[in-house]
Structures are given as structure tokens and as C-alpha cells.
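Read from first to last, the chains carry the letters A, B and C; within each, the first residue is number 1.
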Amino acid sequence: MDESRPIFLQIAEQIEGDIISGALGEETQVPSTNEFAAFLRVNPATAGKGVNLLVDEGILYKKRGIGMFVAEGARARLVAKRRDQFSTQYVRPLIEEAAKLGISADQLAELIRKEQSA
Amino acid sequence: MSAVEARPRNRVLPVVRLHLANPWTTITFPWIVMLTILALTVLVWMLILANIPDPTDRMNAREGFGYSGSSGFIFVYMIVVAVQSINTMFPFAQGYGVTRRNFALGTGLYFVLLSAFYSVGLTVLSIIEDATGGWGVGGSLFSVGYFGDTPAQRLFVFFAILVLFFFSGSAIAAIYVRWKAFGITTFFIALGFVIVGLGALLTLVEGWDEVFSWFATTGLVGSFAWSLVVSALAAVGGYAVLRRVTPKN
Amino acid sequence: MSAVVEVEGLTRRFGSLAAVNDATFRVEQNQIYGLLGRNGAGKTTLMQLLTGQEFATAGSIRVFGENPVENAPVLQNTCFIKESQKYPEDFQPRHVFTSAAWFFPHWDADFAARLATEFRVPLTRKMKKLSRGQVSAVGVIVGLASRAPLTFFDEPYLGLDAVARQLFYDRLLEDFSEHPRSIILSTHLIDEVSNLLEHVLVIDEGRIIIDAPADDLRGSVTNVVGAASAVDAFIGTREVLHRDGIGGLASVTIGALSPAEQAAARTAGLELSPVSLQQLIIRRTSENTQTTENEMEKSA
């Protein structure tokens, strides 16, 4: 766990990551709050807060008496959301670091192409 | 969710059980020691008698057997039991959420039960002692004169002594638990002053004869009956001290 | 939400020393609270007040709505596991577990037996012959298996090794999930427990200086590191909780930053690093005593 941010946000992101990677398929049941808490060694209330965040966003939904499931279309929506954030989360820091080292935008693009084909 | 239990449970009897959780210390061990002392004492008496050839000397020796104080072991041991039941059991019971009042009630009941148990046991031994002519060698461990003349008297005297030792021992332990060594020192200095003061006062007013005659007229059983008043005062005083104690490490 | 503990203006004085000084807080039902602070800050005294072992000089305490002092119905729903708890001279662990059943209405003997195996507690050895860690394990087992609606753990793991502590955290979380109850955990191993806590109370010199949900505290401060001039330009008039420096470099702890501010800091060439709950508490409890800070970091 990252110390700088609320744990429940990190738990939500972790579940999102599992949905994007396909580890948690759509319409499959996700572990219970208590299972998450025990697995991640966090307070069950915190785990519950993370799960509820995803329920509020419609990524997960509750089946009464059975448990929590991944909603249909959840993956596509999460991918769209992550794409929106990609620029601020990854590209901008990359450019800032490149600028510090005197790497131009063209050189950066070249580096990316090289890494991709490697 | 764990419901909060509002119904008050009986918390006094569990305290009695707590004191007896390991019966070795307060039941088994003291009896083993007591019976060992008995066996060894009788053995020594037999050896002495076997080595005295003259019948008159043997008679004198047998007379001396009538004043063995080794049964006093039980009483001294029970002072230690009383001290420990406050010194370590009280902080422990507090962790279990026992109130001071329930602890005092349960502990008092335990002391009375233990006194009854031991006084019955010692009386039974004194009856056996009488019936066997002093374990066959004319010795006395339990039917000693200062414990009374009849089994009934002895039962009462044993009980009164045990109760006195339990409650005064625990009251002193309570002083220790509350004020530590400072409290104990102060208490015994104060007690010393009171005793010396009383002695001086009695000497001054020449009242010793009256004290002796009071004991003579009150008699053995009567005197021990008065000791119950002292025990009761120690019990009440001990609780008063314990009521404001916070267990410390 | 309902409170199991309500404390108002609570003060406990020992002579001129206020061990607990005008404390006001609530403990909500079925949450895990961390009661954190330095040695001698007043943690134990506070817990003794809440369990009727200590007597208040001023203020009011309500536990399950009532004054806990000499209150059997309230106290039978509490369990207080203390650091270096004294045990009766002749007790063995089996005596502790047997007798616990007579006092805790929710006691689970099977759970206690299972924990004793897991913590490798010898049941038939005298308590005083056990190792320091084994004695602590006995306390931890009583605290867990008592399932008391209000359970206090006061530095419960003197001598417990890392494996046993992890076992304690795991069993605590598991059992708490199945049997929710209010737990107050006092410790200086803040990093180890910070993820278990839902709410944090920090006490310093008898005063409650932090009373907040653990998640709110996380990210409530940031470390900014960089060239001293750039750092100074960036922090401007912000309140500085802590400042360190070597040569031309400065490391400054300040309050939370918005994403825009974070971006601005990075653009200015500054490094931002998270501040753990433990560091945060060290910053807040050592404001006037810089020299002792290293000692706590060492002991923690």
C-alpha cells in the first residue's frame, strides 16, 4: 500500500486493475469485503469503502444475499477512464523528466518507438 | 454483531472459582506438606522413644510431645495465600472486568470457605489423634491444649484463627497494593506505636492484671469469638483500602 | 452511528502532572481504533479510566452509556489486555483460558484453543516460566477469544516476534469481520498497524491532539524536497510541520496538496514524497522536542 493516499482508493484501483486485466471478468462474483480485508490486511470498513466506491460508479453491483458482481460493460468504461487519465498520469511526468535531461520531443518519440520494437 | 449483554451476571462465584482455578496451591500442596510433617514428626517421636531405655524418662519425653507447634504451618501458609490472592489475583481480575466490590465479596467468601475446609480437616485429624492415643506415641499436633478441649471447640478455634489470618493478611496486602512499600512501612510503624503505647498505658494504670483476668474469664472460645470481630474489621478495612486501588505494573 | 465510549473534559491528575488532560472524544461502535502516542503520553491511564480501574479527577466518562467505575454490567462487556499483565503466581496458560470463560459472556473456548496452538503457547507450563513473547501471546489470545464488545489492547506484544505479530493482526482482522466489536489498540508500532485502523486517536502529554479517520490522515501531509530556494518559493506562507536541510537542499513537511499544486511542485523541480502515518504522528508529537524524535523513530 502507498502511504500517501487513502487505502480505500487504492483498493478500488486494485479491483479496477483486475477488471481491466480480465482477472475479474464481467458478471463474475468478486471476493467479499471481508475476504478483501483479510487478503490485503486492511480494516474491513476500509475495504468496504473501496468496494462501495465502485458500486457507486456502477462498476460493481450487489445481488441481494449473494454478493458483489462486476457489471456488464465495466471493463470498457474503466479503460475509457484510464485513457483519460493516461496523459496526466504518465505522459506529463515523462515529458517533465525528459525536459530535465534535455531530451527533445522528437528524441522522446524515437525512444518510445525503439522500446516498443525491442 | 456482538450484542452488549445488559443482564447482570453473578460475578461473585466466578471470583471464588478463580481463586481455586489451580487447586494445587491452596488445597493439594498444603495437605501434602501437612501430612508429611505429621508423618515425619511421628517418626521422630518413635525414634526418640525407641532410644530411651528408662521407663520414667520415656514418660517425661512423652509429655514433651504434647506441645508440638508444627501444625502451625497451615496458618502461616494461609497468610501467604491471603497476600497472593490480593497482590496478584486482584490486578488479574481487574483485567477480566471484575469490580472491586465483586472481587472483595468473592475473595471474602473464598476465605471463609477455605477456613471452613481446613478447620474441618484439622479437627478430623485431632479426633484421629485422640482416638489413636496420639498416633500411638502420645504425641499432639492437633489436639493441643491451646486449640481447645473438645472437637467442637477446636473446630471453632481453627476456624477463627484461619479467618483472622486470611483477613488480616489480605488487608495488609491491600495496603501494599495501594501504597506499596511506603504504605506497609507506615502501617507497621503505626501498629508498633499503638502496641507499645497500649502496653505503656496498661503499665501506667497498672491494668495488666485486669487484661489477664479478662482473658481468663472470657476463656479460650470467648477470646477467639472476639477475634472474629477483629477479622471483620480487617475485612471491612481491607475493602475500604482496595476500593480506590488502581493496579500498577 | 452509536458511540460505545463518550468522554468529555476528562482529566486525571497525579499531583501536578496531568496524565490525561481535558480529553473529549467518542469511540464509535464496531470500529478498530488506534490509540497512539509516545511512552508516558497517557495512553494506559486513559484506558484505565475507561475500564474503571483509574479514577477521574474531572470530566465525565460514559461507557455503553454509563459510568464504568464499579459498574459490573458495563465492565463484563469490556476486556483490557495490558502490557506486562501480571498473572497469579501458580497459573498456567490453561488456568487463564479456563477461568476467562467464567468472566467473558462471549468467550469462545475453541477459538482460544486454536490460537494457543497457532501461537505455540504451552498450556501446562507455569506462566512465570514462559518466555516474554509467550506471556504476551496468552494476553493476545484472551483479548481475541473474549470477544468483548469493547476490547482494549495496551501494547499487547512485548517480546512477540514479527511472525507472531502478523498472526495477531491476521486473526484480529478475521475475527473482527465475523464478530464486529469495538477495539482500541494502543501501540507504538504504528507502521505495522496503520492499515488495520479505521480511526486514530493521538495523545500527547495527556491531550488528544489528533482524532480523525485513518483515511483522512493518510495524505493529509506531504514531504517536499528540493533546492532550498525552490522549496521556500513553493511553500510561501504555508504552515511548515517539519524542516530538515543539508547544504542547499531542504526537506519540508507541509499540509496536503491539490493535484494542481502537486503538478506545480513537480514543474518547479521539487520531489514530493508521501508521509506515513507514523512519520505524521512523530511530526505532530515532537514539535517542541526535536532531540527526542530520533529516539522514537528508533524505538518504533
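Rule of thumb we're sticking to: a contact is a pair of C-beta atoms (placed from the backbone, for glycine too) under 8 Å apart; a residue touches a chain by one contact, two chains touch by 3 or more.
Here the structure is a predicted model, which is why all the values come from computation and not from measurement.
Farthest from subunit C in terms of Cα centroid separation is B. Innermost chain of the displayed assembly, by C-alpha centre distance to the whole-protein C-alpha centre, is C. One inter-chain figure worth recording: subunit B and subunit C are separated by 45 Å, centre to centre, where each centre is the mean of the chain's CA atoms.
Here the spacing of subunit A and subunit B, counted between their Cα centres, is 73 Å. Centre-to-centre separation between subunit A and subunit C, using Cα means, comes to 31 Å. By the touch criterion stated above, subunit C contacts subunit B in their complex at residues 30, 48, 51-55, 64, 70-73, 75-92, 95, 98-100, 102-106, 147-149, 179-181.
Taken together, the subunit A residues at the contact with subunit C in this complex read 1-8, 33-34, 37-38, 40-46, 49, 88, 92-93, 96, 100. Taken together, the subunit C residues at the contact with subunit A in this complex read 31-32, 169-170, 173-174, 176-178, 195-198, 214-216, 218-219, 222, 263, 266-267, 269, 273-277. Those residues of subunit B whose C-beta lies close enough to touch subunit C in the complex are 1-9, 11, 14, 17-18, 21-22, 24-25, 84, 88-89, 91-92, 94-102, 244, 246-247, 249.
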